[in-house]
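The following pair of complexes shares a single chain, chain A, combined with chain B in the former and chain C in the latter.
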Partner chain A sequence: MGRKGRFVAALAALALVASVAASAAFGARAHRLDPGVTSTTIKIGGTFPLTGVASLYKVIPAAESAYFAYINAHGGVNGRKIDFTVLDDAYDPSKTVPLTQQLVEQDGIFADFGSLGTAPNLSIWGYLNQHKVPQVLIATGDSYWGFSAKKYPWTIGYQPDYPGEGKVYGKYIAANTPNAKIGVLYQNDAFGKNYFAGLRVGLGAKKGQIVASQSYDPTQTSLVQQILALKSAGADTLVIFALPSQAITAMVTATKVGWSPQIFLGNVSANPIFLQIAAQNGANVNGVISTGYLIDALNASQANLPGIKLMKSIISTYAPSLVPSMNGGDANVPYGLGAAWTFVYALQHAGKTPTRAGLMNALKSMHNVKDPFLYPGITLNTSAKDNFPTEQEILTKWSGGATGDFTAFGKLYNGVR
Partner chain B sequence: MKRGLAGYVAVAACAVFFALLPFTLSDYHRGIAAQVALYLIAILGLNVLVGYTGQISIGHSAFMAIGGYTTALMSHYHHTNLVATLPLAFAITFVCGVLLGLPALRLSGVYLALATFALAVSVPQLPLKFSKFTGGSAGISANRIVGNTWLYEVAWSAAAVAFVFTWLLLRGRIGRAFRAVRDSEVAATSSGVTLAIYKTLAFGVSAALAGVAGSLFVLATNGFAQPNEFSVTLSLKILIGAAVAGLGSLWGVVIGAAFIALLPTISASAPLIGSTHGQDVVFGAFVILVMLLLPNGVAGLLLRLSRLRARA
Partner chain C sequence: MAELARRLPIPERLLPARPVLLVLVAACIFLTVGSSISTLFAQLTVAGVASGVVFGSLGLALVLIYRATEVINFAQGEMAMACVYFAYQLMLWGLSYWAAFFSTLAIAFVFGVVIQQVVIRPVQHRSVIAVVIVTVGLFILIDGLVEWKWGANQRFMPAPFGNQVYRLGGVPVARQQIGTIVIVLVCVLALWAFFRFTKVGLGMRAGALRPEAARLVGVRTNALLAVGWGLAAVLGAVAGLMTEPSQYVLSPTLMQPVLLYAFAAAVLGGLESPGGALVGGIALGVFLNLIGQYWTFVGSVLQLPVAFAALLLVLLVKPTGLFGHRSVRKV
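Moving on, here comes the complex of A and B:
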């Protein structure tokens, strides 16, 4: 190392020491109100896939914004208006992280509300809990959120979880078609595997009836090989735990290869708009069984429910661009409204001047709370030991082909988790 | 002598600037400034390979993935000190880079680009294959989340070390050999430069720096490593940063890193274009502008300025 080299090295060392010293100068400031709360507003935010592979879900934050606009127009919560910031992470955790830091550190949100996707939420899970920022009513059905409440007390989900739903199908098959020969198609990741694990638990002693299982990777577009393998294994029942585009492909492919098994379809892909697309592409979707927990705008028998009426009035006033989605039966609309309803409910029970701790406490002490956007009879229940808000589902069956809808049948399943 | 003095002043100014910067920044902006440092390290690495040795790589996201997973896995399973995982990532990705350098000896131009592209596509699949160990698509977390001030200090210290390391490496015999390989392999060989050694060494050093950048990248994403974070677009981002910086020069690298780290953040909060599409359009437009106005990047601009001054 020459003279010049030593000089550069010395400068680098100097820079290092100076920046270490710099850090000591910064300290925390005390707040009288919790971050994000003023006398007139409550600032919240979330990350959603407004663009990219999962952008079909962008309807959810739009419906949530509509519900908050409706609440604000009616005086807000204890005189405070809700200011909801929606940021686009394109379902990419490496974008979720800086955007969430921006929400917490730059915008100073009170809570991260409704952020969508398992991997995006996992990437900010530790961070939000370390900063004691509520990560609430997040749009993912994995069971981590429910089972890890002790280690991550600032996180709570909303919808029924995937393994629990898998169990429902297992129980139904074991009780009604115990001799079914079951073929399973699942996504090769935590989401698909957790669903599959739930199915096996639900089948109990009948899990030997699974004659074949096939997985696919999230980027795969053709499922011919998997469908043919399941068909040739002699399966007469097909259980699909897939994201929407692959679920549609699977149902279309099964019909095209001349196979008509009884299909069970995981709830994430059982939005009516997806089955209509599958039917338009030649799939025989009549008789497909899934589960539901939300109200359904397409279903004539629900037309008089207060939740349906409220949904129609809110969407047509505050988010007219969502009217076609709502009338097409898009389940993302009642989903968004329901999550936003639950948030407002919790805020109302978080004290006159809401605190973060008060919000979590309200969300973890719900007893038979009637969210109007949930299927009649389903209520929200949580406790210090129970971090799963929605634990009831109803089985549904599709009829009417390309212009059809799901109709509920049987009794409500309780204890879904 | 005069030129040397200007160099000292520039280094001193940079060092003082980055040492004092955290005093003026909010916690949030310290986090973003740390991102600049990590991209700086990655671009430095790519510059060694592309700018100085004339080899192309669009596979550096793969090395960043290896470095990032090294940090996340070591911290998750062995509670290794996070700072200690950086040299570990350096060592592991150095070996990986040398291994990639071996087939690269027989490839050049577009074929080498394709081979490195294949690496960028295939490496993020590995965590999916070994999901029991790596968490699969659900990702895996380091056992501790670092604050933005910590991140700033560590990232800029690492950047300073990487900068000095690269500078020392390139100013001497090795740097001369790299440049000779770039300018003419035949001439280099006939002057006694063993191609195999220097090409694989360039790959190793370049990959090692990318690995360190990957470690910091994971630390900057709350210690969370997940395959999607290391897509081929990350490689392209670094390549764009290197092109903006100007190939074959070290001084433009800071600007190149600032360009890729800051522009999306700044354009996100700009009126009218504050969406992902808007950001991408602005980013693309700036890249085209830079290529039109500064075909040799910021380094080319600096060179032109110094020539102008010499003439005056």
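Moving on, here comes the complex of A and C:
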């Protein structure tokens, strides 16, 4: 081997070393994982009101945990088990912020999943987007999340939004009872006003049929004045956008002042228990119209749906304490399962080794995805422009008085703007 | 008995000053005439009276404690709310509504006495501020304990008066409204009789008005203060138990808005006068309903601010409240 030969050999050795080093470096990049992801687990977390005024929603994280336990027992997502941390913020935004910081900075979560409440989510909206932590499938019906996707690309909701639902009632009234004289009772805040705005959009040219509207403040102890004002304005249709306690009061008061309008009731207060209570207190609730988008365990006609069967088997195996809620028709059970199902679906489509960007991409490119816990026919649809996963709703009508339930009727409505 | 009443330093005062009396009579005539002309007006008035007596009875509880301890008890509403939960628990254990109702009144009395003896008495002689702070602490404590025991979920109780609606001269009036008004009035009358005709009641009034003088004629003021707290808790329980059926839902926040109105009712009535608190409560209830309906500018949004502005006006004209008397102290 001459000098030249030695030089070539050295060059070859150098090339070999370089290529090994490079491949090692590239290999390392290929295997660098997003926070919260290991080869065997994916760590996620969320904040929920396990105590305090909104603690009836604690059923939701319990149902979500049950679904993840079911998935983990069946091998997880691409071999990774989901590790879901549930923290209690008592529906208080001042607690949501430090708890979320703890999830992100100490626990190192991959994504903030399902956190509940408009105000709590607003309080961490900027923080999570700044740190590029997905804030996904959050449990609030406000429309900010969908409309602000450009500015806050790491956030997406799950359920139909309030204006969209208001719009469904407007469309139905305009099409079916175009001469209705409409009275509206709404809570005097963003929640009530968003609903009301949607109703007006849905009514379109029939907007003039709204003969009166009355708002209430949650601190008012009686709604007699509002109900009498709507009645005396000549309304024959009452649209209620209120929280459960005020919705019950409004329905009972209407009957007691001798008024029996056609009632439309915002979904927030349409849990069967509230109508049963209103009926027990004398309200005539038969014929009350609301909307639904989830499967309903109480409804005999749905008993054979795969979603109902799956719900029953998951809840009885992984969260037996939720069985009474489920059998009582509590919508929070299918809600939690549906949100968790969607999260798992998105993870499965976020790449073999999921990344945060991949997760957001999967959630923003769903086409006719059939979540088994949604009412049959309702599918998840999103795109780069459309950040509202659930937009269709089915109208439901109450029958059976104090022991009754809602039954779906008519076609699916689209609350899309 | 009469002998004792004479010896005790209690001024007799039942009616408010004449101008106030005239205004009240005029208001009653206005409401009666209005109700006979318009069904809507009549319904608003009846509903106003029904919510007003509840404000009044909690206001009365505040007045009782104010007279006994010279502080406003910020925990009054939460004590009442806790009592409603006691009734709820008794009904869960199988008692009928009215059995639970009267048992709860007895429990409420003991509850009030215990709170006074255990929590209030040790700080009573320090300063007014100390007692006020203790009542604020009680507010938080009771709220927390109730949430811990029963959770914050909505709970439901049976309707005590049924769901019938009567028509009085064409005006639909719910039996529940009549029931609420009757129950509260009966309780207030019983309380008045207690203070007027029993030895304990007279002693309490004396003990509140002139503690030293009362002690000198042999009144055991300390025990009587505890009785005062007990009775206030009973009145609060009545207010709570009458609030629940008008809200249809029981939750730990049940009495918080009512307490606000009860403060207003008590202040309007003159803080020292039981009758005043009741009249103040009714006035507030009716006024809120009528301005919301007939003053469109106010609507339901400005109801509360306008009501409190009116309250402020009344107090500017008559700083001692409707039934209050200027207290004169010899120096």
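Everything that follows uses one rule, which is that the second predicted complex is superposed on the first by the 380 of 417 C-alpha atoms of A that agree within 3 Å, B and C clash if a C-alpha of one lies under 4 Å from a C-alpha of the other, contacts with A are read in each partner's own complex, and residues count from 1 in each chain.
Just so it is clear, a residue touches a chain if its C-beta (ideal position, glycine included) is under 8 Å from a C-beta of that chain, and two chains touch if they have at least 3 such contacts.
What you see is a predicted model, and the numbers here were worked out from it, not measured in a lab.
Counting the residues of chain A touched by each of chain B and chain C gives the higher count for B.
Of the two partner chains, chain C is the only one touched by A:Thr249; chain B is not.
Using the contact criterion defined above for the overlaid structures, shared-chain residue A:Leu56 touches chain C, although it does not reach chain B. In the superposition on chain A, no contact is made by A:Ala357 with either chain B or chain C.
Contacts of A:Gln101 after superposition on the shared chain: chain B is touched, whereas chain C is not. In the superposed pair of complexes, A:Leu412 makes contact with neither chain B nor chain C.
Shared-chain residue A:Ser232: touches chain C; no touch with chain B. Once the two complexes are laid over each other on the shared chain, residue contacts for A:Asp217 go to chain B and to chain C alike. Legend: residue contacts after superposition of the two complexes on their common chain; A:Ile277 is shown touching chain C, with no touch to chain B. Judged by the touch definition given at the top, the superposed model places A:Val257 against chain C, while chain B stays out of reach. Judged by the document's definition of touching, chain A residues 51-52, 188, 217 lie at the interface with chain B and also at the interface with chain C.
Against chain A, in their complex, chain C makes its touches with residues 40, 43-44, 47, 51, 54, 147, 151-154, 156, 158-159, 162-163, 165, 172, 174, 176, 243, 245-249, 251-253, 256-258, 260-261, 288-289, 292-293, 299-301, 303-304.
Those residues of chain A that touch chain C in the shared complex are 51-56, 188, 214-217, 219-222, 224-226, 228-229, 232, 244-245, 248-249, 252, 255-258, 273, 277-278, 280-282.
By the touch criterion given at the top, residues 4, 7-8, 11-12, 15-16, 18-20, 22-23, 26-28, 31-32, 35, 128, 131, 136-139, 141, 145, 148-150, 152-153, 156-157, 160-161, 163-164, 167-168, 217, 220-224, 226, 228-229, 265, 275-277 of chain B touch chain A in their complex.
Residues 1, 4-5, 7-9, 11-12, 14-20, 22-23, 25-26, 50-52, 88, 90, 92-94, 97-98, 101-102, 105-106, 118-119, 122-127, 130, 142, 188-191, 217-218 of chain A are the ones touching chain B in the complex.
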